[in-house]
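Structure first, commentary second.
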């Protein structure tokens, strides 16, 4: 606890708080990388079914897969390597940031990840931005007058959206925007227009939750003593909201962003399947079915690290927004 | 004397008072439970019995909610699916709540190094890509209920842990616990009288949201055909099987979605304010 | 090599690749099958169908082998060596000419990798004075048919790197690969110095979309010009759409039940026949596949000529007869409705996979229909490779798959794989298991090298009848290839052997 | 005499269970008025009615005259425009009224900039000037969380008055502050009238009313009991309640019964050479303390000097760095503690009867002993059916004493037990405590920062020295335990 009587200039306090945070996150990233890697390694080893056959099915399709194909795959990939040797081999490659090659397509895993994860990430980022446009502003407005009409309506709407499975929402959007109105392509990828419907489907689910979080935060702020004092000081409702309401209400919303990404990945899988989007969720399902071990481990690793990076970013924003956190 | 207090906590854990909104949610849930468990009593159609001649029929007397794409009775299947989903939701809530609350109280109460360890374990668990774990677990034991359920509820305990730890820290700092300890009461009494009434509403809210997300997760897995084996009636699986017939028989697909919607909606109402 | 990364980057930066001027609009094709990579052994079927790659042998309207890159071919009188003479005016996409050496080298790569050439007894492939020569160590009549398969696409020598993996797709087809974003998408553009007649449409794209509903919606919203493989439910709806014309062609592909005849419950022919008799084929065809003629009482559809017996699917169901057959073998009905024989319940596990969405559906139908008979069936929906691996380790009891008897123009190649011509080594990954019939092996052996048409059709009839009695593989339903085509296109037709989408015959309707 | 700055005529408030009798006042420039009364007397409601911040369900009636223009009491919207410009409110517990995520200086500058309308540069200069004047030169860069109670009070005052409002309303300005800071607040408030403004103060502290001077109005249950100049009202109150209220000042309390036990009796607790440091700072060292049975030992010192820590050490709740502590032989339950904020020491979810049953069951106590003790403590039987949150602070503290006495304590550490109670309740509670302690020969250590109270009640005093002005404000009520 830095001694309070000493009043050093705030930037240096900001830096020491920051260094501590980054160090801790770096350690967590290392821990996650190792845990995720080992866990997926162990789990893929315990998967039932003969790996050679599964990879052959992944490569040559269900028409052409037969024992000859499986044997040739087994020979090519020397699959019956002892488990421990393979594990340390993988760990050593990992240290050199070489994730190896996909057993099914032969492409380097980094290459596949860049393509598929890139698309998924693009979709996720668009979904989050869209949800931030839809959810929190509505929630903040509803929170300023708790139990008002806007609050009730937005609550029912949020509950409805949270109760509908993503593919039902996706289907409705396709029927409306591409079949009936013809504005947007139903599925596929390539042009920007292709990514609108899938990210909107995800955004609606996210906005439903973030609007409630924003609404609760704003309700709490608007009943707080400092909000009342800001009014009686003469700042009036608009200035009070901008200078004191917004920032204090934004804290829980930003903190919730980190958690939201966990649920987003789940929605991405469903949306990718419905909209034929070349994302990571879709690829992951195939990788596991085809026992493409390097691909599984690479994906798990990158998703884990991405999550840690994201949480660090959220922490930094929270740090910037809330000076109190810099003191502890 | 000590055993008296040991037995006592279980009996007299008072449930929190519910707001009107929550009472409406509880009522809706009760109706669904009644529907799910009472239908088989008076409508004895077998959910798996097929009549390929009478597929996607409109509701008739014999099949009050019509038939699906294999001619199976939709009323029986929806009821069976609700039973499964509710069972799954209850199971995943309990296995997430119990460790979550236990570790949360321990971390909040003891603090210090124990708190830091449990905290970093929780963060690490959250960093694990939940989706990947579920897919791997399901691949290990394809189609069986337990692998699916463990995978889904693996990550849910962290929310309980975080909320309970935060609340416990605040309570441990307040004088009421110190006063009771000075008056000679043991830790179990302190939990029952001081911690539990404070935590109960939050836990109920998390339980309701957790159950809803578990059910939706199972439905999502069904969508990527990683879910349960046929002919199990599960809400997510039914939606996927009936999805292709959304134009020809929209009412067929609407039923599982409506059932899921009412179930999740009642849980959301029951949940009250979101403590996250 | 055109890096798909640039495509990913373009999307991320939100750049809008401008759609070209009206005339060279892109023809967008949508189908369910994903592209694994550049190698013909894994994704050759997509490149063949999109007119990017070609094979030595092509097929004519009746599905018989016809001239492709090879103008014609003869077999030496000892039936052990085949000579294929090549067309002399063929250029690869990189401008280099097609030589015998290039073709032989490409076929050798294909032969070394898993593919169709495995099932032919090839000794060596050489190029001798402008011709490709195959040396076999025993006679094999269907060799030309094998060379029509998409795993034997002919690529230029620099398409391969030293280790034999395909670096770049340099083939001879009317279209050239423009971009590839596995597993979902590729685009192609017209190859101007194509040896054959240049196609009317200049730009094409292929998109793999797994879900049937999405494909149907893309057809409706005109996002795709041609959509292949419509799911039964959407087909009825799309029929009523004025802007779409729906095409359907029977395919030589059959939904079959691979039976482990070595299993104690199933080793008796009567048990297998009982299971077959309990199947309500017309119910499955009309209710599930929405196509009554799909009900299959026998393995081979009409398109396979002499192999087709013309049995009526209507009478193929007889539940009483099935119960009698099982009773004869000592099965009595237990109180829970499941048959028992000296304490053991009649319980089996059926393995199938969801790559073809209709298979789990048919499995669920079989489950219910056999319950009527008293057979308790577990359905395990897993990966396609579980059936061949189950065949190898003997753990398979029942497998439901969609066997393509038209992989090559003549079904004999597939039958040799599935049943075998050597009496003491019968059966195959996707064919019979734990079952042998010396007589049938003999017939197949003669068919291997006898080229006289009467003998072939008479033997074919006998093989088909025997398979229909012994039921080592129980037929359930036949397939249809369906496609929804926008009315703004003309000249569309479906290739019954699924070898090509025939894009080069299409024109924009004015 | 210029026309009055603030004119209130026949102000009444009615709503669910609240009736305030017609009330009028007139404040000219330089004048001060103090509303004095106990909790529930309606003094805060009058201030809120004038300001226009009454909670839902309460409707004011009557006329207000501000700077000559008249406003209907019910027309809150009109008065909103005066906030900060003509009417300034200094809220209760100002450390909660400052935005926790904004630095102190910024919260003052924004009033100069947006209310007084100064240009950004000028507003910053004005803020520096205000801070310097209030002795807060280095507090500008700090967050409200880092300010002590007194510092927060001054920052809030600067922020409220930066708008240049002549009329200042101060709501319970000294609540939760210790004696030295109370005087600083009175001097702070006096600036407004000296600068030509008008000051309306609401307090339950008689000493503050006396120091502020001007007119004093004593309120009880919404009725004006007595009103007049401070010198007359606070020295010679006419009404019986007035006298009763003044007698509640510690300096007027009758002396308690002398300690009966012999000085050489074994002390309940004896400690020698105690030392303790916290957060790197030495709180005290070489401290000797002992308490005889039935003796009242007072503990005095500024907030944050370690009074509570000493208590925890003697009760065995906290470790001590040096020295040793002997307890008279007896059960551990003999060491008990009374808390400053009574509701925080109880779980608010259970009825008091249930809590008592738990205690009786836990220690197999004599149930018969409860009723006479309750009568002795002036606690009505019917209170047992209520929850801690549903009874007054005074009653709850007496219930806490009941709870403790049932265990026949040997040593009772009372940590500022009555600092949050009204004067009269404080007097009743403390006299009961002393009486019962003497009777049951229980040693009491009484902590308070009101020297007069300690001098009057205690047999001996223990003073803990002044330390560097610790930044921790009065033991702020813990995070609101009740459900948000």
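In this document, chain identifiers A, B, C and D correspond to the written order of the chains, with residue numbering beginning at 1 in each.
Everything below uses one rule, namely that a contact is a pair of C-beta atoms (placed from the backbone, for glycine too) under 8 Å apart; a residue touches a chain by one contact, two chains touch by 3 or more.
As the structure is a computational prediction, the values presented were derived from the model and not from experiment.
Engineer: Once you count every C-beta pair in contact for both, which comes out on top, B-D or A-C?
Structural biologist: Answer by contact count: A-C.
Engineer: By Cα centroids, which chain is closest to the centre of the whole protein?
Structural biologist: Here the chain at the core of the arrangement is A.
Engineer: Quick one: chain C and chain D, Cα centre-to-centre, how many Å?
Structural biologist: Taking the mean C-alpha position of each chain, the two centres sit 87 Å apart.
Engineer: From the C-alpha centre of chain B to that of chain D, how far is it in Å?
Structural biologist: 47
Engineer: So the centre of each chain is just the mean of its C-alpha atoms; given that, what is the distance between chain A and chain C in Å?
Structural biologist: 39
Engineer: Quick one: report the Å distance separating chain A from chain B, using the average Cα coordinate of each chain.
Structural biologist: A distance of 23 Å separates the two centres.
Engineer: For chain C, write out the residues touching at least two other chains, lowest number first.
Structural biologist: 213, 382
Engineer: Two or more other chains touching the same residue: where does that happen in chain D?
Structural biologist: none
Engineer: Give the residues of chain A that touch two or more other chains, as numbers and ranges in rising order.
Structural biologist: In chain A, 171, 273-274, 289 touch at least two other chains.
Engineer: Strictly by the criterion at the top, what is the full list of touching chain pairs?
Structural biologist: Contact pairs between chains: A-B, A-C, A-D, B-C, B-D.
Engineer: If we count contacts the way the header does, which residues on chain A are in touch with chain B in the complex?
Structural biologist: 28, 31-32, 35-36, 39-40, 43-44, 46-48, 159-160, 162-168, 171, 209, 212-213, 216, 252, 256, 259, 262-263, 265-267, 269-270, 273-274, 281-282, 284-285, 288-289, 296, 299-300, 303-304, 307-308, 311
Engineer: With touch defined as at the start, can you tell me which chain B residues reach chain A in the complex?
Structural biologist: Within the complex, chain B contacts chain A at residues 120, 123-124, 126-133, 135-137, 139-140, 142, 155, 212-213, 216-217, 219-220, 223-224, 226, 236, 239-240, 243, 246, 257, 260-265, 268-269, 273-274, 276.
Engineer: Using the touch rule from the top, collect the residues of chain D that touch chain A in their complex.
Structural biologist: It is residues 51, 53, 80, 83-85, 88-89, 91, 93, 96-103, 110-111, 114-115, 138, 141-143, 145-146, 156, 159-160, 162-163, 165, 279-280, 468, 471, 484 of chain D that touch chain A.
Engineer: Applying the document's contact rule, which stretches of chain A touch chain D when the two form their complex?
Structural biologist: Chain A residues touching chain D: 1, 3-5, 7, 9-10, 220, 224-226, 228-236, 239, 243-244, 247-248, 251, 321-324, 327.
Engineer: Considering the complex alone, what residue numbers of chain C touch chain A?
Structural biologist: Residue list for chain C touching chain A: 4-5, 7-9, 11-12, 14, 16-17, 30, 33-34, 36-37, 39, 41-42, 45, 113-115, 118, 151, 165, 181-185, 207-211, 213-214, 217-218, 220-224, 353, 355-356, 382-386, 388-389, 391-393, 401-402, 404, 407, 417, 428-430.
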